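Next come two complexes built around chain A: one with chain B, the other with chain C.
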Partner chain A sequence: MANTAGQATALSVLSPIHPERLESLEATLAALPLGERSPLARVATTHFARWVVIGQLVYEGGGQKPDTLGSPYLLFTSNFDGPLDEYLEDLSQLSFREAHAIWSHCIGFPKGKAPRQLIDYLMSHRVDTTMFYSAYPRTTVAQIRESLALRRRFGEFVTRSQALDPSALMRAFRSAFGGSPS
Partner chain B sequence: MAANGSNVTVDGATTTRRRPRTANGRSVRDANGSAAPSGVIQSAGQDLLPVLNAARGNVDGRATAITVLTPMRWWGPPLLRMLFGLTSLTGLGLGTLRRLSFIHYARWTIIDRLPPKGSPAPRERLNHSYLFFESNFNGTWDQYIDAFAAVVPSRMRVIWGSSFGFPGPLPTGPFKEYIRRNEFVANHYYTAYPEATTTMVLSSLELEARLREFIDRSARMNAGEFKRAYDRLLTSVQRCL
Partner chain C sequence: MTASTTCARTDLRDIQGNILRGYRHPVAMHLFVRIGDAGRGRAWLGGLVDQVTNAEPWQAKPESTVNIAFTAAGLGALGVPEATLASFPAEFLQGMAARADLLGDTGASAPGRWEDGLGTGGIHAMVALQARSPELLNDRVRAVERALEGGNGELAVVSRQPAARLPEYREHFGFVDGLGQPWVDCPDTGGVYNGQGTPQGGRGWKPVALGEFLLGHADEEGVLPDAPAPDVLGHNGSFHVFRKLRQDVAGFRRFLRQQAATLGATEDLLAAKIVGRWADGSPLELSPDRPDPGMARDPDRNNDFRYGGDAAGHRCPIGAHIRRANPRDALGFDEQMVSRHRLIRRGIPYGPPLPDGIEDDDGVDRGLLFMAAMASLTRQFEFVQSQWLNDGNILSLGTDRDAITGDQDRTGKMTVQGSPPQFLWPLELLTVTLGGEYLFMPGITALRWLSQGV
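On to the complex of A and B.
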């Protein structure tokens, strides 16, 4: 098992979908806003996440015995900062409406509307990751965004400060990025 | 499953991507002509459906998602658990992955059994274990597969060698068809920094560290010293900008 890499955690949840509710689930997922308006964006520790409907398993032949699913499955994966319990707590609080609307299409999903029930359901359908890789395992989403913003700001500063004399350059730099002697 | 039948445009390049298709009750045949039961996705040679609506599929900004599920022979799971366990413990092989500098996050998961359906429905039994592979990367699907096949072909043979139907990473034509057959399209995909490539993230982190060090170091410099140190800083971080 390797559900973590540095401070990052991998979560995979595989849950059976009521076959007769498949179309409704696909419509629900298709209606989710994208980008920063995605319900997944509300959990600010999420690097990458996805929902994928697994309609059927592939038959490759060559000695493989076919596996035919009795129902489609919903796969949810997330790559996020920090421990799993904190992430699920955040997901169940901050994106409860959408999460409930999605997983309520799944077999065995509790009828109640308590965030705790959602967490318990996701935990009981979790699949352990065998190998998890991150290019920057020690870096959080917040640090990456801050770092990207600083890179942008510094790039702009370099462009606009090219003609400055040493004194003006030093003043402009310290004004933009700090570092004045205290 | 998302809508079928449109092209994906990433970084200005338009590629048509394909996804597995259910047989919908028809009896289908595999590449060797063996009949597969109805409800099973057909293997090679079938009329694969083109994919996909970029906005609702595997693409968010510069990031692309890959989700692949392949059936494994019996000896695959113990072999891969040993290999991945060794990699996790020692870090051996991670350097090779880092050479594929466009991967943000990736995972391999061996699925031996499906999660419960809840009483009274029985848990579904599988004849085989499945290897689930997920990647979050920047660039196009074709670039990704080409680079994977070119940079780490031997490692790919080890990882997917136990999967039924795996043709080997090279040549890439059959391998791409294999991935397409076994790939699923995301119904919703989110990334926190869609504007950034992996290299941009790593460059930003390096730049930030150097800049913070420079800010501390230059705090008591006079203008002339500052200018010289600043010029040296620019030279050293040029590739990060």
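On to the complex of A and C.
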């Protein structure tokens, strides 16, 4: 199925949670640092990644048959650059402590503490990402960051130089962004 | 429960006034009430219910009106059970102050600096009054306040927020305000004007579903919006945003003068580029070079535009205030990108106007009591505020924020598209949040239900 878009890969892992350990898992997730300090950000090829606790299925009414889960589930989704095995290798090396603390709340998680066991566990609970949309399928996180930095620099340049006459503007542009006189 | 697709007369008698149709009275007062005892609070509400102005069309404008809405803390203070409270959406339960980072209420606008007890959890109800004259307003306010007195002071007014229209329904920066409003799919609630609904592919407009603004009615998805349980509490109710926004009018004038000098443009044109309308209300999209007073006054024409023919923003900039707040067809996919993010705005200015020509701050507080009605605080107000106004990503404007209401820190810019483009920079902080509350404005039946104890 659609686990890739361009050079990007999507990973979805669905794990049943020990019902009596649900609160502990929620506390563990809530205590994670956010943004650049998130353990998920340590893998620098990550576009988006998150853990979601699915406590119960939403009943939308309207005469549908209510579905119930046998246990709460933990959903992990991640979109990243490059192939799956490289990502799992990075995740298991760079964020092992947090990953272990989280998935050890789940049924069937191995007792041992080897990164290899974490990778095997995630692979065995992997589900196909049936619809993966990537806004920039051929662009890596590193390239996007570079582009944003250039845009920011260019935005600052144009706001500060709009009063310059053409020759001064050309000099200022070359000194800011390089390029040789024609 | 099935979704009703129309709003019947019985609904209009049950829906509070000033939601579907604005009163537009000249003066208003907002009493923020603390309820220290559930029994006394319910008895007070029971006495007030029959006076609450509903949405029935009127032949003659009433001399004064009264409406009431509650914070989450206020519903708790009335004795609403925990399980019922928990059925409200999370953002309502958290309150506006807890959502400050999302809303851009940081720095000078941070809740720690808010005034009058707003955002502290100590405010339980807002009683909103409007009247045809200051005398009539005072009479009505006194009557409401008398009903709160007595006992051991369990009921108290903790904050009073007066407001008054400026000439021609202008706001303090000088623009005619409140022109763009959703055309709601509900007869008998006002005129049907071109441009107020949802743009249809190519031509024409369609009304926005009632359920985008009132619970218990089908929304744009054709289903009932999220509502508290039991149904009686939510039916014909509406979520309500109250924000006290201080406007730095002298700062706005200085900013325009400086930028106009730098760019060689007129102040009037720059102001129009920032807002998307000339001060008289005529839209840049239809009249890009000069104001058109005839169009400005004509409700059939002053909203009858879309942005599809101006994708580059040469007439109305992509980051202009009204284009951000309601992008119409500018985001593509016709109505699908906007129809779930509309607000009914019921703001009214507060404070005296700054006399023309003054560019030094006179130290007088003035601004807008921004109010808006909707079915979902997070999908409507919070989305518009955080994604369209206080960010530029969706509009391909990077991190640019709205020039007039954005959370500015003297580093931001606004691009005025054209050949060549011009840049307003650095943008000044012109609007500061002094406080705010998320409220729920129940239907009349629900008010009665609340007053009877549950």
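Following the convention adopted for this analysis, the second predicted complex is superposed on the first by the 170 of 182 C-alpha atoms of A that agree within 3 Å, B and C clash if a C-alpha of one lies under 4 Å from a C-alpha of the other, contacts with A are read in each partner's own complex, and residues count from 1 in each chain.
Quick note on the criterion: contacts are C-beta pairs under 8 Å (C-beta built on N, C-alpha and C of every residue); 3 or more make two chains touch, one makes a residue touch a chain.
From a predicted model like this one, the values you see are computed outputs, not experimental measurements.
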Just from the overlay, do chain B and chain C fit on chain A, or is there a clash? clash
Is A:144 touching anything from chain B or chain C once the two structures are fitted on A? First, second, both or neither. first
On chain A, which partner touches more residues: chain B or chain C? B
By the touch definition at the top of the document, which applies to A:14: first (chain B), second (chain C), both, or neither? first
One more residue to check, A:54. First (chain B), second (chain C), both or neither? first
Considering only touches as defined above, state whether A:114 meets chain B (first), chain C (second), both or neither. neither
Does chain B (first) or chain C (second) touch A:163, or do both, or does neither? second
Just to be sure I read the superposition right, which of the two partners does A:123 touch: chain B = first, chain C = second, or both, or neither? neither
By the touch definition at the top of the document, which applies to A:155: first (chain B), second (chain C), both, or neither? both
Of the stretches 295-303, 349-357 or 385-393, which one of chain C hits chain B? 385-393
Chain B and chain C footprints on chain A, overlapping residues: 62, 148, 151, 155, 158
Hey, which residues of chain A end up touching chain B in the complex? 2, 8, 10, 12-16, 26, 29-30, 32, 34-35, 38, 40-41, 44, 46-71, 73, 75, 77, 79, 107-108, 124-136, 139, 141, 143-148, 150-151, 154-155, 158, 165-167, 169-170, 173, 177-182
Going by the contact rule at the top, pick out the chain A residues touching chain C in the complex. 62, 148, 151-152, 155, 158-160, 162-163
With touch defined as at the start, can you tell me which chain C residues reach chain A in the complex? 223, 262-263, 398, 413, 421-423, 425-426
Which residues of chain B touch chain A once you look at their complex with the stated criterion? 1-3, 20, 22-23, 28, 30-32, 34, 36-37, 39-43, 55-56, 60-61, 63, 65, 67, 69-71, 73, 80-81, 84-85, 87-88, 94, 97-98, 101, 103-111, 114-118, 121, 124, 126-128, 130, 132, 134, 136, 163-165, 181-182, 184-196, 198, 200-205, 207-208, 211, 214-216, 218-221, 223-224, 226-227, 230, 234, 240-241
